[in-house]
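Labels run A, B, C and D following the written order; every chain starts at residue 1.
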Amino acid sequence: MKLILILIPLLPLLGFLFLGLGFKSIPKKVTSIVGPGTILASFILSIITFIHLTQQAGTQSSLFPHSDVYTLFSWISIGSLDISFSFLIDPLSVLMLLVVTGVGFLIHVYSVGYMKDDPGYNRFFAYMNLFVFFMLLLVMGANYPIMFIGWEGVGLCSYLLIGFWFKNHEYNNAANKAFIMNRIGDLGFLLGMFLLFTTFQSLNYQDIFSQAKGMTSGNGTLVAITLLLFIGAVGKSAQIPLYTWLPDAMAGPTPVSALIHAATMVTAGVYMIARSNILYVLSPATMEIIGITAITTALFAASIAIFQNDIKKILAYSTISQLGYMFAALSIGAFTGAMFHLTTHAFFKALLFLAAGSVIHAIGGGQDIRNMGGLRKKLPKTYWTFLIATLAIAGIPPFSGFFSKDEILSKAFEFNHVTWFALAVGAFMTAFYMFRLFYLTFFRAFRGTEEEKHHLHESPAVMTTPLIVLSVLAAIGGVLNIPVLFGGENWLSGFLAPVFADAMAVKVQPAALSHATEWLLMATTLAGCLVTIFWAWRRYVKQENGLLPDEAKRSLLVQLISKKYYIDELYDFVFVKPSLWCSRYLHQVVELRFIDRIVNGVGQVVIWTGNTVRYVQTGNVGFYMFIMILGIILILFFNILI
Amino acid sequence: MLTILLILLPLALSLIILIFKEEKAIRQFALAGSLIEFGVGVAAFIQYKTSCHCNLLFTTDWLATLGVSLKFGMDGISLLLVMLTTFLLPIIILASFNHAYSRPSAFYSLILLMEMALIGVFTSFDGLIFYIFWELALIPAYFICAVWGGDDRIRITFKFFIYTFVGSLFMLVALIYLYFRTPLPHSFDFQGLYAVRLNPGEQTWIFLAFFLAFVVKIPIFPFHTWQPDTYSGAPATGSMLLAGIMLKMGLYGMIRWMIPICNDAVQEWGGVAMILAITGIVYASLIAIRQNDMKRLIAYSSIAHVGLIAAGLLSLTTYAMQGAVIQMVSHGINIVGLFIIIDLIEQRTKTRNISNLGGIARTAPRLAIFFMLFLLASIALPLTNSFVGEFLLLLGLFEYSAIFAAVAGLTIIFSAVYMLWMYQRTMLGKANEFTENIHDLTWTEMAALVPLVVMVFWIGMFPGLFLNVALPDVMQILNYTK
Amino acid sequence: MSNLATIPIEYYLVFCSVLFCIGVFGVLIKRNALVILMSIELMINSINLLLAAFSAYTNDPAGQIFVFFIMVVAAAEVAIGLAIVVLIYRTTHSIDIDVLNKLKW
Amino acid sequence: MTTIISITILGILVLFLGIQKKQSWLLPVILVGLATSMILTILDWNTARSYYHEMLIIDKTSVAFSLVLIFSTFLIFSLASHYYRGVERPLDDIYGVMIFALVGAVMMTSYGNLIMLFLGIETLSIALYVLAGSHKEAITSNEATLKYFLLGSFLSGFLLFGIALIYGSTGSFDLQKISVFVAACHGIYPPMFLAGLFLLIIGLAFKIAIAPFHFWAPDVYEGTPTLLTAFMATVVKTASIVAMYRFFTHTFYGIHGVWETTIWILAVLTMLLGNLTGLYQPNLKRMLAYSSISHSGYMLLAVVAFSPMSNNALLFYTLSYSIATILAFAILILIREAHGNDYFSSLNGMAKTNPLEAFCLTIAMLSLTGIPPLAGFMAKYYLFTTALEKGLLWLVLVAIAGSAISVAYYFKPIMAMYLKESNEVKLNVGRSYKVHLMFMTLLVILIGVLPFLVMGIL
């Protein structure tokens, strides 16, 4: 078992080393095998682990059931600080393992086709493998430092992959932006860890959680810890205020966006909070803050998505808003819901990106949906898969998104109605902008240039197969957690239950909803979605002029939104410019004019004195004699007469 | 015995090398010599026993009348630094091969002499001998930087010399003062000096004297202004020696002398000193963001990094102290790596200005990769050496004061900002007339860089070995402050 | 001896000091090398007188012997001094001490 | 005693050789003679005795310092052949006078009686007046000798007056008797005696070149022929400081309190003035003059804090100082010869044209600065510890500040030699001279690294 666990992250790492050190010399064929191969292998291994875990369920007697900790070696150990390189296997991490490796594998396969003609082919797969390695560390780690290794590692890989086409400084800037914003979060995470350590004298999940169980709810330290960790999550999962890097991150190749900026990395924050559920449950204040942030983000991002025209940017904003959903779920203690949505989202959002990728591929680089349209005929596979994904994200039954969203919504309703309402509105907006995107891309006549028109073609099988597989998953992903309502048995909840057991025990459970209410809610949201979809259809398929509304007619609000609320400009004005100015000021004025001048001043004063003193040496004997006599008189005077 | 050998070998080499005439022989001799020295260092490392606090002791009377004795030995901390020195020297020498330095024999002789002085500093357990080596190290450093340096070197290096010299004079006074406070017969032996009980007033003065000496050397804001000029003015080899090893003398001095001797004062004034150091972190990082000369940028970043180390030391917590020791080694490795890279770039493009560079990643990918590795190391990415150090340092600081830790932690963000900026502007983007047709790393250059990278990840992944070596002595030092 | 004893020692002391001071002032005021030389001689002679007086009063011959030493030395000094003055005169055609101040600062 | 006699005989011998027109024999004879007299001196080691009713007292201290003096003279003489090469006038007079000056100096280290002190000083001074002017054609030399003579004889007048007053109040010239008197008067001292004491101090201070009686030094040093400047800067200074020291330890240790403050102030004044004024000097020789002034300031520390250790410290200091200074002057001679002047600009790029000489001068400068591990550092360190032992913290701080300042001017030649563009003028140096330079350099380093050879022998 241990070997398997070691192999799961090790294989991608080996893949990375092989491709990385092998460098340009490795032929593309080998790469196309090694790259996805390693991931496939660890996917299989993950499945084995999964099976192993389900079999031995309940047979464990460790601190929290259904979990194993495998220690490889002690990493840093001083006194009571003992950070060991150890993996934790429990339902939560296994679920993440499956998602990461599974989706990761599909995307790798897709990339084989997508990156075919790229000079940096090997480099690309090296990075991707490295990413998977770090992501696996992140989810498998049995203590916060190991998670942090993965946490920063994935950040690095996202940096490398966003700036993959490094000749373009726009992309590089995007990459830097991503890395630095993540770093801001990481500092929070780091401080959180320190506080954890000073409080619990350990950084292992088990020790911490078992101690935390005993603590009173709303404990100040816990609140501080959870908040600090949440800052980390905000950075990593692109929530307000640290979300602006994600849309820019679309500069990277589309598979990257699919894997890192949709399916896996950005959900790390969700995973982290789900992992430390007990801490969060015990600090309601934090939960409220999370809730507010999450809901604001959800709506905010969705509203921006409505007016974007770059196919990938739209998806990026939709990712942000979906992440908002997940955090909202967490904030109301619906950890299972969050993880469920995380999973389904991984499916359909990855699918969306890949499909978008194939669209872009087909057109030959163009990403502006205003220059697309009518691709339904040209790319049928892409069309259908995209449709499924869109339905899924829009929350149309029986597609996966419906179930995950519905669970969150009903939980929200239990929690309080305002939350529910906000999230419902979010759902409607999602439905709207997704279908806007869908219609504009696939319906009506093609609006691109001529040679683009010629270029149009369905992507090769190597790309479409993953699309199909994913679309299947996106379609039926819901079965993971079919609510009792539909005669399901909430399998996922059952599976994850042990992880959240303590949290659930602590949390005050609101009265469960009656089936009637649930039906009602479901109906309402569904209706709302359908209406918005219809409206989108009216606006973008039927209406002639509705297609490209000219800027002038737009209301101020709309313009504000379509300019992304000028947040980037704001940050630039508030943070970037001042710090640059500060840097220059410190160097030019404080450093050179002040500190250094004082230092030199001392020397200059001494030299000046020397220069003046030396003129006493007049070279005139009489004068010398006079001074001497003066000296003699003084000495005699002071020593004898006084 | 090994200790004294470690000191005498470089001295002998530095004298012998003067007889060689043609450059090739000199270089090979220097390299071989430094490698042998490294071998001796390794031998010492093997012989070293963590159990006893002062290993490989060598003692003999020197000035019985003045209670000065040649007492050389190693505890874990010195051992690590000696290892660092002996490890870096061959690499630095190797890296200097693609320069055609005038009067090579003198050049390499000075380098070896400096190695001798540095090892002397790290291994001497007698106050005066420590001071003698401390000053001795300054002379070769001065000449290396002044004679083979860049433009405006005369002013810069002289400033550097007189600044550090004046600083260390204070230490001399402090040492002599302590000497007279030791019980008769007076002696400079470190135990004797540790044992001196001073009243608060004296403590403060002694502390200030030591602090001034070390703070200038390290350097810590606001005593740092000599450093960026010197680093950028010095020849590549010089900056490596200064930044990689010599700068550690100050930190080492803090651990070995300042903290144990005036522990009360450290506890009393440490806060203020830490505020200085932490201010320095933010200050230097901010300045680094806007630097155009790569060497200057690194210089400022180094001020920030050592500021963190110093702050950690003064927090007097086990973790921070441990972190400081590890980080001293890591910083040495990383900054030497970065300076080598910068030097290689300058060699190829004849410029060091970020604004002139770009697109090297395409023309010289290996170079870019190594650069990236050292960059990641110096921004403390997990699994690289300086993450271990900074993690422990910040943890220790956090135990001392959360605010300090939070502010000092900003270095994590800032370092990313300026380092990535530098990387982007030099390596990425489109190639220009400077960088169009530069050749990639040669094998000798790789030979210089690879060991560093190995160390980066070794310390990053398995720091246990190094931590365990230092731990008992760190505890020992901290015991004096109890 | 007896008649000498009637004059108290202080008189000698004061007188010699005055002589000495006159010599000093001579040195300070005059610019002429020769005059300065003479003033110095005056100083020395005053000292000789003083020593003689002391030795007489303490009945200790050492003082008077020392006086002879001093005379010898003084003579030598003067010889050198005059030589130097001549040397200077050769080069500068003046014996004013202020003429020569090439060496300064 | 044998020392004085042997040296005197040597002097007479030199003059005799001069009469015999045996110029070529001069230097060999002198060097051999000095060597033998050194040996004879060493033979007096441990035989503490006095001659002629305590006129001369030979003890360890005096022997040690006599050795330093003779050794310095020896070093200087071994430069002479190169310095006076191409001078056709007979040199027996100059050499002879130098040797007689040495006799005076030795007397000053071993006097037991104020008369001997006076005679010693005068023998030294009068000889020096001659030497300073020995370069008759050079107007600077004339000026130097004039200044030196006028000021010297003027101040010796005061010295003499001081002796007279002391004699008057104590009734004796003998140090022992004087100290008996001092002990007898239990803290209340007649003003006449005090006046005498201080006049005596002043007289000596002039010879050592202590501010404010230092004015002659820079001018005279600059004007005097370089070889003899070296003699002044080392032998004369050493002899005078020893005389002062001896006279305090042998006689006035009882009344430490009376003169301590004065010397204290003089020391501070000297160190500051010497170092500060040194900063701005354009030429090496004058710079060395100021450095010698500041060094006499440091030496005063030993006098202020006299303890069993301090004569050791003083010995060590004078020795290392003398060697370093002579070394510097040795290079200076070469430079003046090559360039006709000794401005720092003439040193430019010497490291390229004459690496060895550059190295030697560097060592000399570093040693004078007090950089470990050279002799200068150990000397300063030793001196400062002795001072600190007496609790003279502030004085030491001033001294340290002084040496910090001194870095600025001691590094001028170094920077000129190593960092400035070369002016392609090669100094022509004989092999023997090279050897001599290396010998002195080696000494400077050795004494620094193995200080126990010299330290603590007293």
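The rule is simple: a contact is a pair of C-beta atoms (placed from the backbone, for glycine too) under 8 Å apart; a residue touches a chain by one contact, two chains touch by 3 or more.
Computed from a prediction, not measured in an experiment: that's the story for all the values here.
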Chain occupying the middle, per Cα centroid: B
Of A-C and B-D, whichever chain pair has more C-beta contact pairs: B-D
Chain whose Cα centroid lies at the greatest distance from that of chain B: C
Euclidean distance of C-alpha centroids - chain B vs chain C, Å: 67
Distance from chain C to chain A - Cα centre to Cα centre, in angstrom: 100
Rounded Å distance, chain B centre to chain D centre (Cα mean): 43
Distance between the centres, which are taken as Cα means, of chain D and chain C, whole angstrom: 27
Chain C residues counted as touching two or more neighbouring chains: 24, 27, 97, 101-104
Contacts with two or more other chains, residues of chain A listed in rising order: 603, 614, 617, 619, 621, 625
Touching two or more other chains - residues of chain B: 162
Which pairs of chains touch, using the document's own definition: A-B, A-C, A-D, B-D, C-D
Chain A-facing residues of chain C, complex: 24, 27-28, 31, 97-98, 101-105
Complex contact set, residues of chain C against chain D: 9, 13, 20, 23-24, 27, 33, 36, 40, 43-44, 47, 50-51, 54-55, 58, 60, 62-63, 65-66, 69-70, 73, 76-77, 80-81, 84-85, 87-88, 91-92, 97, 100-104
Chain D residues within the chain A interface of the complex: 146-147, 150-151, 154-155, 158, 191, 194-195, 198-199, 201-202, 206, 212-213, 215-216, 218-219, 258-259, 262, 273, 275-281, 405, 408
Residue ranges of chain B in contact with chain A within the complex: 159, 162-163, 222, 225-226, 283, 286-291, 318-319, 322, 359, 361-362, 365, 376, 381-383, 388, 391-392, 394-395, 398-399, 402, 405-406, 409-410, 412-413, 416-417, 420-421, 424, 427-430, 461-464, 467, 471
In the complex with chain C, residue positions of chain A that touch it: 614-615, 617-622, 625-626, 629
